[in-house]
Structure formats: structure tokens, C-alpha cells
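A, B, C and D label the chains in the order they appear, each numbered from 1.
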Amino acid sequence: MTVGRQKIIGVIGAGDASEKECKVAEKIGEEIARQGCTLLCGAMGGVMEASCRGAKSQAGTTIGILPGSSRSDCNPYIDYPIVTAMGHGRNIMVARSSDAIIAIGGGFGTLSEIAFALRLKIPVIGINTWDVSSEIKKAETPEEAVFMAIGLIGSNT
Amino acid sequence: MTVGRQKIIGVIGAGDASEKECKVAEKIGEEIARQGCTLLCGAMGGVMEASCRGAKSQAGTTIGILPGSSRSDCNPYIDYPIVTAMGHGRNIMVARSSDAIIAIGGGFGTLSEIAFALRLKIPVIGINTWDVSSEIKKAETPEEAVFMAIGLIGSNT
Amino acid sequence: MTVGRQKIIGVIGAGDASEKECKVAEKIGEEIARQGCTLLCGAMGGVMEASCRGAKSQAGTTIGILPGSSRSDCNPYIDYPIVTAMGHGRNIMVARSSDAIIAIGGGFGTLSEIAFALRLKIPVIGINTWDVSSEIKKAETPEEAVFMAIGLIGSNT
Amino acid sequence: MTVGRQKIIGVIGAGDASEKECKVAEKIGEEIARQGCTLLCGAMGGVMEASCRGAKSQAGTTIGILPGSSRSDCNPYIDYPIVTAMGHGRNIMVARSSDAIIAIGGGFGTLSEIAFALRLKIPVIGINTWDVSSEIKKAETPEEAVFMAIGLIGSNT
């Protein structure tokens, strides 16, 4: 079970995402695990659940930053539930705790996380997401998104 | 000193705002006070300080949601400093504690506050700010912005 | 409505306090208002509500640090509701935002606030409350508690 | 790297603990790892660092809830740093995210965590710590503390 300090990639997107977005998220989760990185997310459904399911299918590790107050109120693919009881206020912690972030689609909650990440100089890779800054690097495929994330962590550390 | 539950209008914008933005913020603060509303903001400089200065010049009341850990680390026009020690994490509290929000210009921190407000269905009025949603009502002048904010609170309560 | 930076006294205690504790809290609220200080509390019932009622009966000003996510989910004597949506996590903000704290009885929530206040070197006056440190100054009457709080703020600033 | 939902035991105590307390903390960390549980703590020095060092010496897994704003500002034995930037405000998250808590000595910060845990009905095992409630189960040795923690998680779930 020994792990040591690993690269943590945050995956953000809507809890009520489209089927297509969830498919992308799942593949991103798979790729994060295959690359030996840890996946961190907001612990709920939609993009968050799909990416965790992908990571677990490849024997990866998942951390969830829960908005609610109960350890069990998260998707079933979370290894380590961090209980904030802060509602949407946990969004900034998702950004802060990630070495890089991949945003898939998303609504205003995702926008708040992108804004925080950009404010905190955390690399953001986007797939069909909010287009609010040229600092968001656009990826076309799940594999490319993870490849870019890992590269940006390298140059960021 | 008796006040009773009042309308609270949040004013958001950059801490390193332009002179023009600060001038607009100051006039908004003046108008908020003249209309008998309370001004709430993130307690720091730039747009935040200018709006508070405006409110105090008209004998208004100001609440600051401080990012730091010291009661004295805020602009000098704050009547009630609320000390969060949460850094940018205090942004969501600025949104949550306002009956309506007026955004003036702003960077990524302001964008996070706008995103939270829209997520939480708190009315947002914008003056030359982030154009991320048609739900942000555009105002041309400080007076119009405050007038619109008060109107939206009415329809929101 | 002009107020300027004032002394803020936090009042803490249980939401399901005894009638006797609430009576003490109400008198403390009255005295805080009579001395021209602002009362800050956790915004809910019991000791919090009683102290606010006392303060408002003397035309004082009250700030509530709300645990919930709705501006209206607080006792009816709160002038300025600050919405944290952090549950018990708001307790440290009650401590941080007070120049001095008066604790009346209380359970584990109150204990967490006392612990934070002591950790942060904020003066604590206690009436029949947790006896965990000699740094908690004991008061016998509501008037004495407020008198001691104001004195300790003086020496603390 | 596949882990699945595991038992998380929080270890709390002072950042400037005595040598004796650190020795106890280290043995507790070792035992938590040997029992296949995950260790969670406040990520800093003293009891926190010693317990993490113990856990890693037995190939265990460690989660740190960081008070600061930088991913690297934690002790070197943290596998998964969660960045809160909330200072002591992160204490309630340490309590909330643990299935059970072991307290070793400690000052006012530790007291705030014990208070939150008791408030939230999370089992607390204490070794020479604050004696504020009969709900704190006393342990004499590190092994006994971990044994009791695991037992209380069982009955708690």
C-alpha cells in the first residue's frame, strides 16, 4: 500500500453531465490511472463519478473532496473521501489540491473551479469547457488531455 | 445604532483595479448608502476599498469578509470585519451573504465570485465585467447598477 | 447609519440552552448594546437568540455567522447575517471575528469555539462554562462579564 | 495501486509535541499501517509528522489536511496532501474525514478537534490528552489505541 508523493490530477465538470461528457471523463480517469497518477475530484456524480469509475477500472487511486457532511455521501468509486461540509465552498479545495486540472464541459460550479485554478496559477486543460482565458490549454482527446496535464505539472514544479 | 435586517449589496472587483474602475466603485458605494442599503465586500483594496470609501462618505454601513487572519488587515472603511482566514476561499461567502451583487471589471477572483453567485441564483449586475452568462444584467452607470440591484432583490425575496 | 469600526463581542453557548442560561445571555446582550458594542454570534437559537434579543431591545447591533446556506435561516434578531454554509466549521469564524468572547454554559460546539479563541489569543470570559484553562476569566454576573470583556479588549489592542 | 474504500484513522496532537508523545505517535502510525488502515492528520510536525513517519515505515498510506496554501508545506511523509488554506479552520475537516480519532496529548488546537469529533459523534480514543468527556476512551499503549479505534469504527458503521 506504500505510495509516496504522487502527481494528483483534478477532474472537474458537471454533476449532471451529458452521456458524451461522461464517456470522455471515464476515458480520462482510465488514462490518469494508467499513467500512475492519482485522480482527485468533487466526489459527486456525472463527470466526477465517470472519471473515478474509469480510474478504478485501471486499478488507479481516487480522492474525493465531498461537499456534504457524511463520509458516505459520495460516488462509489472514491477511495479517500475528504469530508468538508462546505457545499460549493469545497470547490477551491479541489483546485488547490490538484497539481493540474482537466475541465470537461461544466456549469457555473465548474467555472468557479476554473477561475480559482487560474487565480492560483494551477495549470488547466479544457475539453469543450468555459472559454474564459487563453491560459486554458485546449485538448481534443482524453489521452491528449492527460498527456498535457502531466507535461504541465512537470514544468510547474 | 438600531438597524434591523437590511438589504445587503455585495460589490466585487479587483484589488488592483484601474483608476476608472475605482471611481465607478466609489460612486456605487455612495449610491448604496444613499438608498439605505448595506455594502458588503471582500475587504481589501481597489474596487473594494473605493466602494467602502464611497459608502462611508454618505454615512453608510460596510461589512468586509476578510481573506486574512487579522481583524486589522482590511481597508480602513470597513465597519464590521468578518475574519475568515480562508484566503480566496472567502469569495463564496461574499456571494452567499449578499442579496445581490454588483461586479466591476475584475480578474479571476471576481470571476469565481460571479460563478458562485450565478450557481446560487443570487442576482448579478455587471459593469464592464466578465461576460460569461446572459444572467448577468449589464448596467451603464453606478446609479443604474444600484437601482437594478435593489429591484432584483425585490423580485428575488 | 454611520457606525465606524466598533468593538465586537462574541457571545457563545448552546442552541438548546436552559432557561436560566438564556436569561443570562439576554442580559449580556442588553449590556453589550448599552456599552455601545456590537454583538456577534453563531446566529441560531438558545443562548445565541437570547443574547441578540437582549441587544436589540436596547437598540444594539447584531451580526450572525450562519452555519446554513440560506440568509433567512437565523434567529429573527440578526441585523447582518453572514452566510457560511460551513456548518460547525463556522465556529472558528465566530472566534476570529470577535474582539473578545463571552461563553455561557455550552456543549461540544461551544468547547470548540473556546478552544479556537484560546489558540488564537482572543480573550474569553466564562459564565458556568467549560473549565479547560486558567486563561478563561470567570464572571459571576452578565454586567461583570461585559465589563471584563471590554477591559480585555482594551488591553489586547 | 488499487485500494478501495478503507478505514481512515485520524491522529491528532501538537505540532510542538514532546519527544515521548512523538514516540507514541510513531508507534500508533506503525500500527495503523500494519492493520491496513489509512492514517489522516493535520499534515504538520510533532505528533502529526511522527505518526506519518511510523505509517510509512510500515508501507502504510497517509493523508494530510494542510492548513497552508502550498502543496509542499507539509511533513515529508504525506502521500496525499489536501490543501485547505484555512489555517486552524482545517481542524474540523480532520475530524469529519476520520472514521475514528486518536488524540495524543495536545494543546488548544487538539482540543478544538476533540470537541468537533465529539460534537459529530466520531469515536475519540485518547492517550494522555484533554479529559473533557467520558466519551473519550482512554488507551494506555499505541497498540491498544489502534485496536480500540478499529473496534469503534466497526460499531459505528
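Here is the rule we go by: a contact is a pair of C-beta atoms (placed from the backbone, for glycine too) under 8 Å apart; a residue touches a chain by one contact, two chains touch by 3 or more.
All values derive from a computational prediction rather than experimental measurement.
Peer 1: Going only through chains that touch each other, what is the minimum step count from subunit A to subunit C?
Peer 2: Shortest path length, in steps: 1.
Peer 1: Going by the touch criterion at the top, tell me which pair is linked by more C-beta contacts: A-B or B-D.
Peer 2: Greater number of contacting C-beta pairs: A-B.
Peer 1: Angle of the rotation mapping subunit A onto its copy subunit D, from a C-alpha fit, rounded to a multiple of 5 degrees, please.
Peer 2: Rotation angle, to the nearest 5: 180 degrees.
Peer 1: Averaging only over C-alpha atoms, locate the centres of subunit B and subunit C and give their separation in whole Å.
Peer 2: 26
Peer 1: Can you work out the whole-Å distance between the CA centroids of subunit A and subunit B?
Peer 2: Computed value for the inter-centroid distance: 31 Å.
Peer 1: I'd like to verify one number: the distance from the centre of subunit B to the centre of subunit D, where each centre is the average of its C-alpha atoms, in whole angstrom.
Peer 2: Subunit B and subunit D have C-alpha centres separated by 40 Å.
Peer 1: Among the residues of subunit B, pick out those that touch two or more other chains and give their numbers.
Peer 2: In subunit B, residues 69, 84-85, 88-89, 92-93 touch at least two other chains, as defined above.
Peer 1: Quick one: in the complex, what on subunit B touches subunit D?
Peer 2: Against subunit D, subunit B makes touches at 69, 84-89.
Peer 1: For the complex, give me every residue of subunit C touching subunit D.
Peer 2: The contact residues of subunit C facing subunit D are 88-89, 91-93, 107-109, 111-112, 115-116, 118-120, 130, 132-133.
Peer 1: Which residues of subunit B touch subunit C in their complex?
Peer 2: Result: residues 1-6, 8, 33, 36, 38, 56, 59-61, 63, 65, 69, 71, 78-85, 92-93, 96-97, 99 of subunit B touch subunit C.
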